[in-house]
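Each of the next two complexes has subunit A plus one more chain, namely subunit B in the first and subunit C in the second.
Let's turn to the complex of A and B:
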């Protein structure tokens, strides 16, 4: 009996672990960034802006990684065209929401729809495009599927860049993508509308007593708050999806598509639905990502965006929703933003000297044992080094931690959460009054449990 | 007498009907292709399309296709033998081209600038390939040595990367290797940026061309076109002989068919893999060098941008098939340029090429040269 209580306790710990891990990591990140702000001597305002930007990026990456996790982690669809679906969502939204009568130079008309409807339109467009891609590509092997999706993403980017679509008329409506120069979002920003709501008046004046906080900053904070709420929505939606009978079929497809098919599931339909759902979510992230900018160019959707998202997914571990969020946090704070802050800190503390212009000028003095030029050259090219580092991290992860921090583990098709499986078993067993204590906690019983659960769910 | 004939007609009719019913996409793609070809032919005959313009497209497409095909051999070999899509292949091409062109610059311009600067393909300042008058006719030795160095240096690089990255993951399966190769691609591209900078530079002084008269205008062909043609065809023949006449080729074919069986039969798989990288890496470096010679410009991401076209060629030809990759390269190259007959200029030629690849995957996922892997 006491053994079981221990098990239950450790299981509870495990259950708490994912949330606790995320909380601990995020806390660590915030404390680190606050310290960085202190070292760099940021004002309260600058500090808040730093944290706001960080939170914004973490939330955006976490959302898109969650959506990708639905594709790859749950269904086994190897999508490396994420940037394309984000672009479709954002561009559709912009083209729907832009005013019919454009004002200002070099502007293209849109349909002038209200922003919420335009957002819905963008999400639907991304889902539809996902359908178009998925329908023919489903029969393909994972690596072919990958090539098709990246080719698709490039096609999308090239079409948005192409000048014939800069402005076009269809069914009597004129709109445009703006071509390579992109388009301005000259529509009313809903965040401003929210900011002007009477409830915010009190808090804003209150905060302004302590820190200098302009309306733009306040709107930024409100927007990030909104994003965190949307992220929570993403998480709950995908968690529910993953645990539902639908999600179990997806995992079964990931593990063995033919077997699932043989069990009478129409795997193609499941794959298409899962792909469309993920694409719709990616489209929404595309919108939320660039929403508060002044405009957008197709260059924002180069393939390296997809690459970032994949690194975050693999850090966190494919197949785990909590892992996706954790991975996004670590990627953003450590790999994406970290090196730039590191550079600023070093710059504020020591002088690295005038960097040489070329690599040759940097390497040459090394033979005379003068390492100052190479140091300052590398330091000056920290951004480039950062990309190299990201690539190295991805390779290292694939070699040493292919399942990431919270990935796969032992969850296959089980409806019960991974970590506490053995415990769940003993509970189920207990409830069923089966005297199987002897095997509780071993792998054998966890199998029974998952099978039991599946049966009871059907 | 009439019975068998009618039966035969009936059979072929029903077979045709089953093709239409089962593979409607194949039929649609076939019909569309035929219509386009017919339009092209009739347009040229009636003078609707300029013959010299189309000649230019075909010639340019042929050149592109040769580069894509040559670079594709390496990708196809590694895909067939190591069973993964190597996304770093494009950056092997870029790295090889930079290393080779550095040496070309040093040989051609030693008197006009310091070695370090030249070895980095003149990352800043006013030295350029045009100024150094680099070209296959003006500085043949520099170009030849550069080409060889591009091949050799890429082989070393590729072997090093295999040792560090891919060898520890030999049994990891296709997808983890693919993801790792994306990491390699990214890291390698930005190492190139770190060393050579992001600047796009002009590398050659184009030699004067010879005009070949087509019906309504001239087609200019210069020494760089010819060099590209001769070098790629020679390299392709070399690979063909290597794979057909040597024991290594036989072992490679055996390995791409069935790796475990090859291992059991006593084929030294690691050695075969090393030779695969050597051949693939050497060809990709030289393909990159030749492409830069032909286009006259070099920048840090041209290989990456070429990669999807190479994938298109390899998939079209059938993965693992050397001839398939050459054939696929030519089809993709020529189709890409010819698409400009119907599509407006801009980025639509790339869209057309990717579209062809996706269609090829849908219609015949195993490729046109399916079943003849690594031969």
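Let's turn to the complex of A and C:
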């Protein structure tokens, strides 16, 4: 009876102001990148690839930032081991999915499970590991908790790259992490299966009439489309989590755990659940992030990944789900991908000349008011400077916008609007600009309207 | 039920016996607590009669707040035991104590700063099915959660009305004044529908008009049958409103009895006068004539009590 109205309600929620904000920012980002593509003279294909890569990164970051927001923004759990949980998800998935018989150069055997089950396994493994990490760390203060998580992440990464686990046999099953060499994904890619579905035949031929668009390109687009759907799922899940009695307890724990406990809430249980859910979501992101590559490169899960995610969270403002997505978008388009494109544009427009070999050679001429060497030096080292730039942005944000670029946002921790005594009244407020017949409809509205009067009379 | 009748008789017969009434809803026995070198509670023993309004007084550092912390599971006692409604609750976690109907407020208000007043009050309500994550998230079940939330919102509004703070409903708790935070704490504690409330200086920093109102509310709740144990430094307030008073000093119960008993007790006067509370003996003497009786205390209270 209720499921459909329920879904319709959530759809309406999504389309409300928050979704509009996300859409506006993403539109701005796309338009900017299209302009960049035009300036750089990209072909249609190149343009699609650029936007596809951008969407891919934004979706991945948005998902993992949403998960981190559950930990830090909602529950106050200072998790700086995000990369570790992502690694657990991905490695577990790969080890479960790889065929039992290694073929050709595809090195180590796995358990040969179907990919969807392997993905589920990876997600569950990340949640379980989250449980194991959280259990002893629950009593710790936020800063010690942070140390535990980052230590865990490094231990995980080192274990996965350690040679004893390159290939091992347990309970008669042989599998391996590949050690420092990583793992090849020599299992059937479900995206290819999806691509072969009849419904995609038409669109693919259609698009190919205008631009050259091979199967790999099409699969890439399909995959990114899937990611956006999963992202919407993340958003809905975490929005509901936040707007519920469960989320209310999490927020209360963030504010004052002891007081929350004294108000009858088993705070440890809530913290564990929140942490495990976040870890599971991070594990899935780890899988989705690397899934379409040829295999796992062990270096992918170094700690800087975690810090990127944190920067995105801080940009968007911890505690806000909408902010998490916006932060991911702005971080990816502006800080992560932006500098490279900026560099390409500038180089395509003006000649910055041969960069000097050392920093001293670049700085020296500045005193003679010759800025050419420093400029070309900076351009040449844009990728390194990116880190400096991120640091500057972070410091600026902390000092000037501690609640994120959008400023303070309220996302009410309840399943119903709280500002007024009934839903109807708040809807009246929402629709104030609409014709009045919607307002004076049912008995409920008139009753609540009079209640409102009473309150304002006092 | 049949058992409680003779017990009540017994209780009235023995009501003189301090800290040992059979109808004590809360009983602490020989509680000890050390913090490093400091003995905060040193063998405190007392009972609080069911349905009563009991005062807990004593100089600063007497161990009153620590007793609250030990009773509500914030700290574990080094030794001794706590009984609530004939069940031992020593060493239980705070949430377990709260869910048994024994709820406390904190001396320094612990509002959940970044939550609104409404959210603060929605939080503690018991038996919220939406506290199970899956019910809050899964489509079919969320309906029911939303329904419950509506009912809860109505209850919260009633509580806000009871305390006449509806206008603060949508305010962030961190924007409230000190006195308003005290109100918030008390109303939030009530959302648990407690059998007994431990209030740690609920009127500190509350203006006289509001204090009077708040007291009326407390009286009303007391009439409903809720038991109160109140820590308070305002002697007039305690003397006029509590039927029973427990005096703590240096971690122990110095004496207890009716307000009249306490006023007449030389030991109490001695203990207070000899203590740095509320201000030093000399300062007090310099302001008012030498202390000789409780009346002098009361007369002085306006001018020299902080």
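Heads up, the rule we're going with is that the second predicted complex is superposed on the first by the 383 of 458 C-alpha atoms of A that agree within 3 Å, B and C clash if a C-alpha of one lies under 4 Å from a C-alpha of the other, contacts with A are read in each partner's own complex, and residues count from 1 in each chain.
In this section, a contact is a pair of C-beta atoms (placed from the backbone, for glycine too) under 8 Å apart; a residue touches a chain by one contact, two chains touch by 3 or more.
Quick caveat, the model's predicted, so the values are computed rather than measured.
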Which of subunit B and subunit C A:196 touches, first, second, both or neither: neither
Touched partner set for A:388, first subunit B, second subunit C, both or neither: first
Which of subunit B and subunit C A:154 touches, first, second, both or neither: first
Which superposed partner A:398 touches (first subunit B, second subunit C, both, neither): first
Partner chain(s) touched by A:266 [first = subunit B, second = subunit C, both, neither]: second
Touching partner for A:363 - first (subunit B), second (subunit C), both, neither: first
Subunit B versus subunit C as contact partner of A:143, first or second or both or neither: first
Subunit A contact footprint on subunit C (complex, rising order): 72, 74, 93-95, 98-99, 103-104, 106, 110, 112-116, 118-119, 122-124, 126, 128-133, 136-137, 139-140, 142-143, 145-146, 149-150, 153-154, 157, 166-167, 169-170, 188-189, 192
Partner subunit C, residues of subunit A touching it in the complex: 2-3, 6-7, 237, 240-241, 244-249, 251-252, 254-256, 258-267, 270, 273, 277, 319, 410, 412-416, 418-419, 421-423, 455, 458
Subunit B residues within the subunit A interface of the complex: 25, 84-85, 114, 116-117, 119-120, 123-124, 165, 168-169, 172, 174-180, 182-191, 193-197, 308, 311-312, 315, 344, 346-348, 350-351, 354-355, 357-358, 361-362, 365
Residue numbers on subunit A that touch subunit B, as the complex places them: 78, 80, 136-137, 139-144, 146-148, 150-152, 154-155, 158-159, 161-164, 304, 307, 310, 314, 357-361, 363-364, 378, 381, 384-385, 387-395, 398-399, 402
